[in-house]
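Here come two complexes built around chain A, the first alongside chain B, the second alongside chain C.
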Partner chain A sequence: MTTTRRNLLKFVGGGAAGALLTPAPWRLITDTALWSENWPGIPRPARGEIRARFTHCTLCPAGCAVRARCVNGQPVSLAGVKPHPISHGALCPWGIAGHHLPYHPARVRQGPVKEALAAVSRAITQRGAGERVAVLDLRPGRTVSWTYRRAMAAIDDGLYLAPRQPAYAIDLTAAKTVVSFGAPLFDGWGTPGNVFAARANFRLVQIEPVETRTAALADVWLPIRPGTETAMAAALAGEITIAEAARETGVEEQAISAVKEAIGNSPAVVLAADPGSPLMSLNAKLRALGRTVVARRESPVPDAWKKAAPSTEMAAVPDKAIRVLLIDESLPGGYVPWQDIQPKLAPNAVVVVFSSSSEGYARHAQYVLPAPVYPEMAEDIGPAIDTVAAVFRIAAPLIAPVVPVVNPGELVARIAGLPQTDPLRDRADAIHKAGRGSLLSYADGKSTSMKEVTADDFWKTLNQGGCWMDDTGKKAAPAGLGKFGRSGTCPTAHDLPLAVVVAEARRGGLESPLMSKLERESNLRMTANRVALSPADARSNGIENGGRCVLETACGRLSVVAMIDAGVPAGVVEVAGGPRMADLCGANQRARVVRA
Partner chain B sequence: MIGGKIAFASGMLLALAGGWLAFPRILYQTRQQPVNFSHKVHAEKAGAKCEDCHSFRDDGTYAGIPTLDKCSGCHTAAMGTTAEEKNFIDQYVTPNREPQWLSYAQQPENVYFSHIAHVKLGHVKCEQCHGNEGGTGALRPYQQDPISGYSRDIWGRPVAPVGLRNEGGMKMDDCVNCHRRQGLEYSCLGCHK
Partner chain C sequence: MSANKRYGMSIDIDKCNGCGACMMACAVENNIPPAPEAANDRRGVTWIRVYKVDNHLAYPERRTAFVPVLCQQCGHDTPCVHVCPQQAVDVDPETGIVGQMPERCLGCRYCMVACPYHARYFNWWDPKWPAGMEKTLNPDVAPRMRGVVEKCNFCHGRWHAAQQKAAAAGQREIDAADYVPACVEACPTGALRFGDLSDSSTEVAQDAQRPESFRLLEKIGTEPKIHYRSRRDWVREIASAPRPEGKDGLRG
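Coming up: the complex of A and B.
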């Protein structure tokens, strides 16, 4: 037999036909299909022992109790803790997806720690007379806040800066009528479970220019002209006539009368979007102080901590006085607009921010150090605005940090030369020593008087799922709400014709990528780069729905996408909250939108 | 013309031989277990039952292959005189190093299988799926399909009965056949949730 091209082709053809009669090609096809299902990067569910662990959510000051289902030590799902008397087993969507945060693709994963420390040390030793070292704490009321205050007391001219905190608590269970001036009662205000548990017993009057989620769920929504809230409050306080208020606010006289009558006849409370707003002092007129607006004690602290630096507001700091500014942005909290901070910085100031996100102060600081995110770090959470009694609860870490992180409290303590102790344990011991209140254990739902708990058991329960709750005692009126006084209405400027209304307070920091997908990409919530305009304003500026435009304020410009929404009243631009918008709008709530 | 037929036939024969004889031999990668463990010794001399080591956790999940803690419970010091035991203690127990066992029965990620439902509720004997593993004097080599990454015991029809171990009872067809025989539900979503 000679080897010809024809014979060679026949040999190959025979081989192919023969191969089809064997299992080899069929097996290779299915194996290849399976191989494609097992590529690296495809998430694999954890295997191993399934256990429930308890912690607390730190994503907002509500600090809801969390039951984490862990497989082989890895949290795979989060849920609320039913017997918890404040959170009532509820968790918000952010809380439910909180365990995704450590793996967020946009997380700050590294930072120049040594360089930052060297720069801070150099600036502290070389600073001139009157130049201050400051810590800005966006979530005051935590134990680490006390560490910052102690550290600043240990440093000459140290300053502890924090956004103003309400010196009161709201007892929703005691209210029959709630008058809310834009407070997002059902969308991030207070503790979600507590608000919804009390919801059946109060009537909600929501006063705000746009129909937010809270307005949609309120019993009455009064769409008020932006910037005229004080006129409405003055009418409710009896300082101006209802007719005058109606003219100014654009709300019907009958509706204002009905609200005035309701708050006169039942225990009521007035809430404002900003808890420090003068509108809150209207509660004194309603005789709500000591009934629905009450004073709350702070959880005990060790005696040695009481020589700590006082809390100072940014506005009280002289210009160009801060040489070193350390900003703890590790937890989402009250954002101080950068234009309020910048004038306070010395020309050669060193700004270090501890953050997991590059969205906030990381845009302005020289050094951005990666901070732990929930649920990576042991942290306590101060009481929420709707928590009447003092509480102490620890967010026990569920996993070790997945990237190298810096613990802000430890670093600031090191800079100030404070002794290296565990402040959480020290505070737990102080609370135990005070001997008041009770300890609730989540595993069995039992509440035990503190007099019957040993210090070690108290600490163990706090870390394994428990919460200390102070005795409520007799309700007392809070101090410092000030006197209600009517200020002028929002000025109209021809060059900035639109009033800025923040649609929803964004928490800042990271949020689960799953939530981004569900909410932001589907426009269920506004993203930071979107604004909503009334059809009339859009038409007069030549702006189309989905069109690119520029939002201009006295502080700057931002390229945004416009949405035309018939629910937005004329003369208003609705924006999302968040650091970028806060920096752009600040306290100056006027803007204009022009076509890009 | 005859030459062409011979060429075709020889190509075909070569492919058939390769596909039926060589392919099954090269399909699986063979690896040895880290420890020469004898189920038989443990069952006969120590009187151990399957569930003594392959236990259920308190929450009902199956613990699978025991961890070193379980072995150390008895083998902190040598109980016998065998070289295998001495080696195990020196290599793993004393340095507290977990043996990297190769699991014959590890199901893929897309399979949901509950041991407790089968063993406690269904009263299925271990041997029914795992064969006489508990009576063997040594662990057989672990065979893995390098393309799919699956153990030979859990996936793939028998390719060819040539010098290879008879396939076990932990493949999808085995599950379906058993459920069918007993008149039980065997829809896809029962296991592939």
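Coming up: the complex of A and C.
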């Protein structure tokens, strides 16, 4: 057979046509996208040795136990520790993404440390009579809080300032009925895992003006007129009639009667959004003290520390008395509105804030020093409000600080001239010396009596994942809840017609950039620059859904985006919490929303 | 040869408090990047999204619920599989999981149109993390490029890890405790459960048989493997709506 050009062309053409009937060319087209996955712009996750490390979350006072999955020592995901008797393996969305915080683009990365120290030293030596040096600790109850108290005791006229702390613990496991006056029980109150573990055993009555996440899951939600909580409490305490309370609160008589009956017939506890609220004293009337509201011992401290400055509330400080104010905002905690602090400052006061975020007091301070963030620094976390026994747990650092940071405790100790020691180790030794309680190790889930643990093993376990828990002992009634009495109700007729209701509790400080999933990308959580209004209030002010408007209070103005929501009662503006909103609203939570 | 599984999930809406822990855990596990400034609820990527829904009444009768919506892992006539011109979507016969292969995806988004649950997401932007944060990426999951569709795959990386662990131990079957998707592991309320629907002894299979159990758009016959449940009538009625209303409501 002779091979001609025609035959050759026929063969090539036929082969090409036949190839189209095979999967090969289509497969090639399909896989053309493969190369783009290896673009240099797409990061490649690092590979390496994978192992678990344990620590505790410091983002709120719950201090949940954390198991970090680490690749070459770098945490790549965080999860709860299932056998933990308090946190029960639960983490909140902030805690799940806590390992992103060191890389937050808005993190404070540098600060004038030398200048701040010089200004503080100068102000301390030059201060006049009656001028005080103060530390404001937003998260009291930690070991570093003791350092601050000792430092302030070592300085003449030193003041240790802290938000009011509850002198009691709530035992949810002992309660059959929980009456909550706006306490966000399912959204940031106490330890999430502990609350949900106890949930099946109690009936929840949520009393608050708007349907929050907690109200949505409550057994009963009583939508109350804002500012009339004390009237409801007075009715439950039997100080006013149910009919009077119904008139004042807008809640039906039958519903109030049912709650009163429930709390009379079963072990109950009353919770308030502010743990220092006088509403908490209603627990005495319910005979809850010593049953569901109990006293809690503090973890032992070295004897040498007991000469420490007492805790003082900001309101008790005379005006213009503070010459130097050092604010530890390294961990999000109870924010004291700036308008409560400002009058207490001397005209030439020096304000230094230790923070990783420029959102909080950094807006007001002369010096902002970069503080470590979780999980960069060894820190302990005091017990949460729902932890009945004293605990001691250390947030062992998972990574080294990624920017140069200042350790607030060390710096304050240096200013006061305290000897440089490791307070966490000193306290661990004191706890070990006391010899009570037990040590839970997360790696093997074993609980060991402190009598069987050496001091070194105790310290090692605390740093590798462990928690000391005090003996619960016999329940005792706490002191200092005060006596229940009716206070004035919120005035309704003045030029700020709307009651401000914080429906979305937001922590101060940095949060993972991934929180955009819950905010902008899904509208699941309210962002700080949004407010919600009832259709009637929006209409009367000419405000459209999604429209830009201004939230005005007695303390200032804030540009916000309005959302119209038929679930918000008339006369209420729903906001998300946070430092800016706290500064704007302060104690007098009344506002007006006007079109921008 | 072990019997084929039919992995599914049960979601107790009466327990969900809408905290968003599942969404965060999913994003961390599956290397979903934070959204650029221009992203909103329509262009963001959230493999599981919790919708806030309500009973359409005004205050004080208004009641809300939170409904986590993820790929429903349709077990019959899976719509996204049929429409994909690239064979980038398939149903694993061994697990029943509807998988998405971003390497094959050309970004035509037919599957997004076909999905009755709006559970598929398109990458409008290159995946970018703040400087340094890329160190926190999960090595078991490759980040996806711009221009492809992605969706929940029941944390397939975890399934592979469980398989490897079982193989290393000389076992054919994986230990059920070794394969739990990140959202289920993270849920602090215990509203989410996961397991093999074909095994009647599993909690999830039993949940699916409860009288208050329902599935989204059950009437269209896609046999989703996500079983919701609620004792509230108005919540169950939402299942027949094309999409939970929260997003299109006034707050959206």
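Assume the second predicted complex is superposed on the first by the 549 of 596 C-alpha atoms of A that agree within 3 Å, B and C clash if a C-alpha of one lies under 4 Å from a C-alpha of the other, contacts with A are read in each partner's own complex, and residues count from 1 in each chain.
Please note the rule applied: a residue touches a chain if its C-beta (ideal position, glycine included) is under 8 Å from a C-beta of that chain, and two chains touch if they have at least 3 such contacts.
Worth saying up front: this structure is predicted, and the values here are computed from it rather than measured.
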First (chain B), second (chain C), both or neither touched by A:A97: second
Chain C versus chain B, contacts on chain A by residue: C
Message: Output check: A:P45 vs chain B and chain C. Expected answer is one of first, second, both, neither. What do you get?
response: both
Message: Between chain B and chain C, whom does A:Q74 touch in the aligned arrangement: first, second, both, or neither?
response: second
- prompt: Thinking of the overlay built on chain A, is A:D444 touched by chain B (first), by chain C (second), by both, or by neither?
  reply: neither
Query: Which of the two partners, first being chain B and second being chain C, lies in contact with A:E452: first, second, both, or neither?
result: neither
Message: According to the stated criteria, A:N545 is in contact with first (chain B), second (chain C), both, or neither; which is it?
response: second
- request: Could you look at A:A16 and tell me whether it touches chain B, chain C, both or neither (first, second, both, neither)?
  value: first
Message: Quick check on the superposed pair: does A:D303 touch chain B, chain C, both, or neither? Answer first, second, both or neither.
response: neither
Footprint overlap on chain A, comparing chain B with chain C: 30-31, 34, 37, 45, 50
Query: What part of chain B is in contact with chain A in the complex they form?
result: 2-16, 18-20, 23-24, 27, 57, 59, 61, 63, 108-110, 145, 147-150, 155-157, 159-160
Message: Which residues of chain C touch chain A once you look at their complex with the stated criterion?
response: 14-15, 17-21, 23-25, 27-29, 31-32, 34-35, 39-41, 44-46, 49-52, 54, 57-60, 62-66, 86-88, 102-106, 126-145, 147-148, 182, 185-186, 188-190, 246-247, 250-252
Statement: chain A residues touching chain C in their complex are 30-31, 33-34, 36-37, 39, 41-43, 45-48, 50, 71, 74-80, 90-93, 96-97, 99-100, 102-105, 186-187, 192-193, 196, 199, 211, 213-214, 216-217, 223, 402, 512-518, 520-525, 532, 534-535, 545, 563-570
- request: Give every residue of chain A touching chain B within the complex, in rising order.
  value: 1-2, 4, 6-8, 10-19, 21-25, 27-28, 30-32, 34-35, 37-38, 44-45, 49-51
